[in-house]
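Just so it is clear, A, B, C and D label the chains in written order, and each chain counts residues from 1 on its own.
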Amino acid sequence: MNKTRLEAFSDGVLAIIITIMVLELKTPESTEWEEMKAVLPALGSYALSFVFIGIYWGNHHHLLHTVKKVNSKIIWANMHLLFWLSLIPFATRWIEENHFDKISVAVFGSLLFISGLAYFILQQIIVRHHHFQEKMKEAMNKATRKGLISTVLYLVSIFAAFIHPYISEALFVLVAILWLVPDKNIEKALEE
Amino acid sequence: MNKTRLEAFSDGVLAIIITIMVLELKTPESTEWEEMKAVLPALGSYALSFVFIGIYWGNHHHLLHTVKKVNSKIIWANMHLLFWLSLIPFATRWIEENHFDKISVAVFGSLLFISGLAYFILQQIIVRHHHFQEKMKEAMNKATRKGLISTVLYLVSIFAAFIHPYISEALFVLVAILWLVPDKNIEKALEE
Amino acid sequence: MNKTRLEAFSDGVLAIIITIMVLELKTPESTEWEEMKAVLPALGSYALSFVFIGIYWGNHHHLLHTVKKVNSKIIWANMHLLFWLSLIPFATRWIEENHFDKISVAVFGSLLFISGLAYFILQQIIVRHHHFQEKMKEAMNKATRKGLISTVLYLVSIFAAFIHPYISEALFVLVAILWLVPDKNIEKALEE
Amino acid sequence: MNKTRLEAFSDGVLAIIITIMVLELKTPESTEWEEMKAVLPALGSYALSFVFIGIYWGNHHHLLHTVKKVNSKIIWANMHLLFWLSLIPFATRWIEENHFDKISVAVFGSLLFISGLAYFILQQIIVRHHHFQEKMKEAMNKATRKGLISTVLYLVSIFAAFIHPYISEALFVLVAILWLVPDKNIEKALEE
């Protein structure tokens, strides 16, 4: 089983998820500054969701790059990840409609938490089916550590939302920054 | 005629079908538990449709993997399958709007039944145009048997909806479980 | 310049065009037969538009298959074709909303006519930039002849709509049938 | 790191951006000429946005063609470009809803300006990571010059909108024409 179609299908789904959120952005009702200002939080959370999907695409790209054979388990673990990610536009819309209400932010955090777990499961299944070299394993472990940190931060964000939703939002931004620093380790290991 | 573009086009269409359903999910009107609970059936039927499209993608992946040449007959049998699958988001939306009314569930069952037939036609056309090895043929036959069982279950679900829509829903879940168990046979035959 | 990305981009656009029409299909307001019947014309014109886009994809597949090098002229002739095709969902929606009114049908016919011309232009640019073998040229000419016939039929359909929209609809179905019979000629020429 | 998936993902996102704008086109409410005429500006600005995305796709195609290795910096510079381009449907819709009001046109100009900068950044990062031959460098420089001219014109269009929105619109059309003349230089350099 080659991995080309798995990559192509995932790319398609992620490209659609990242782009359809624009369809749901409500345009300001006029060109008055007051109306335009009211759209900024929605634009901000669009940007954040865009970055999150972008991060997943980047990591997915790196992860699948290491894969040589694809089996049904990998296909379904991948589908499982895509399912949770596909709910991000839905949760983003809901957050906007409820003006960053604590419950909607907690649900968004939960979704990111579950997506993080789904990614972790995919990674574990891939690792188990391949015999990576020592260098590669180390790099994978570092990425996994990073993934665990962000998963823990997501978990914290769920409860933090009930103290104040902005704490959770700050945690989301923190995780985004954490991942925007690229997986140099995997890149280096691949080069060697 | 190479098959790359047929796969790419099918991947594109299936990726869109599987993802646009999220656009149609209505967000809860507030963050009250009552409102959130009301969205759960829609989320459930989104998840079910996601799994069904996922199954078709997985099987399509396995089936096309065996193909070496593509001709116009295969192209049109594939287009025919995609047409019926593209109606799944439409039927899913209708089911939700009618709160799992028996007729809407029966129509959904009919759509799955017709999609099953369309897949069967595609498979037959592919088998007829290729000379598969004995091992491969056996694996294909087993998959076909599985396909026939689910097609029969879809047929039953159409009529069962008039007794109670939940019987049909249970049958849909049963077929989903049946297919989530992967086509080990084809995978094994390919490896040999 | 290789053609892979031109094909991938065109596949993407065509896959989206063919699928988003489903988003615009209005579900019946209830499960009453009267309401369901009212949706049938919309479903019918969705099916017809699906077939038209499918035909263009099939022909595009065959045409691009013959291409070895891609230049900017081909890229823009292709973009031009995609532009007109992208308006098909728009025109389909308009036809449905106006219940197959003569003017909307005439506009749909004009769109198909212009798309036909855009395809013809793309084909001519490709032919001019390649030195095809005699066999290939003959096959291309036959396809061109078929294309010309349908373009003429589209032209007739524009005016026929003012006599009765159903004449135009019948002509659309006629063209669809004409193209569903595959380009055996190109396939044979390629094999030789 | 190979570039195939980066291209595929970008193609997917650009294909969706270019096509979803059709979903947002409002159909004329009847088939009266008055109603149809009212839709023409929206169709015009759809066409213009289609051309802009088309230009970016074409240039992206040329630019990525020169790339051999992809690293995380290139991935994120590309994601950054896609983010701004993904807002084009949003801005296009807003312009239409406000009937080409000066502020909405200025915002559209700003978006094109920022997208131009994002493209420039991507180009610079790619150039820095590759050792191109002399010929190639010259061609890239010419394309960069063209890019700078259009970026300056976008900047002018932002301020021109406050004199009269039509001046900005004329500038947009001018840039489109400027780019529709293909990058012959890069094509020639690649052939040599």
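In this text, a contact is a pair of C-beta atoms (placed from the backbone, for glycine too) under 8 Å apart; a residue touches a chain by one contact, two chains touch by 3 or more.
It should be emphasised that the depicted structure is a prediction, and the values quoted were computed from it without experimental measurement.
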item: Interface sides of subunit A and subunit D: same vs different residues, half threshold; value: different
item: Identity of the chain that, by mean CA position, is farthest from subunit A; value: C
item: Rounded Å distance between subunit A and subunit C, as computed from the means of their C-alpha atoms; value: 37
item: Intercentroid distance (Cα basis), subunit B paired with subunit A, Å; value: 27
item: Overlap residues in subunit C, where contacts from two or more other chains coincide; value: 8, 12, 15-16, 20, 23
item: Residue ranges of subunit C touching subunit D (in the complex, touch as defined); value: 1-2, 5-6, 8-9, 12-13, 15-17, 20, 23-24, 71-73, 75-76, 79, 82-83, 86-87, 89-90, 93-94, 97-98, 101-104
item: Residues of subunit A touching subunit D in the complex; value: 7-8, 11-12, 14-16, 18-20, 22-23, 25, 27-28, 30-31, 47, 50, 54, 57-58, 61, 64-65, 180, 182-184, 187, 190
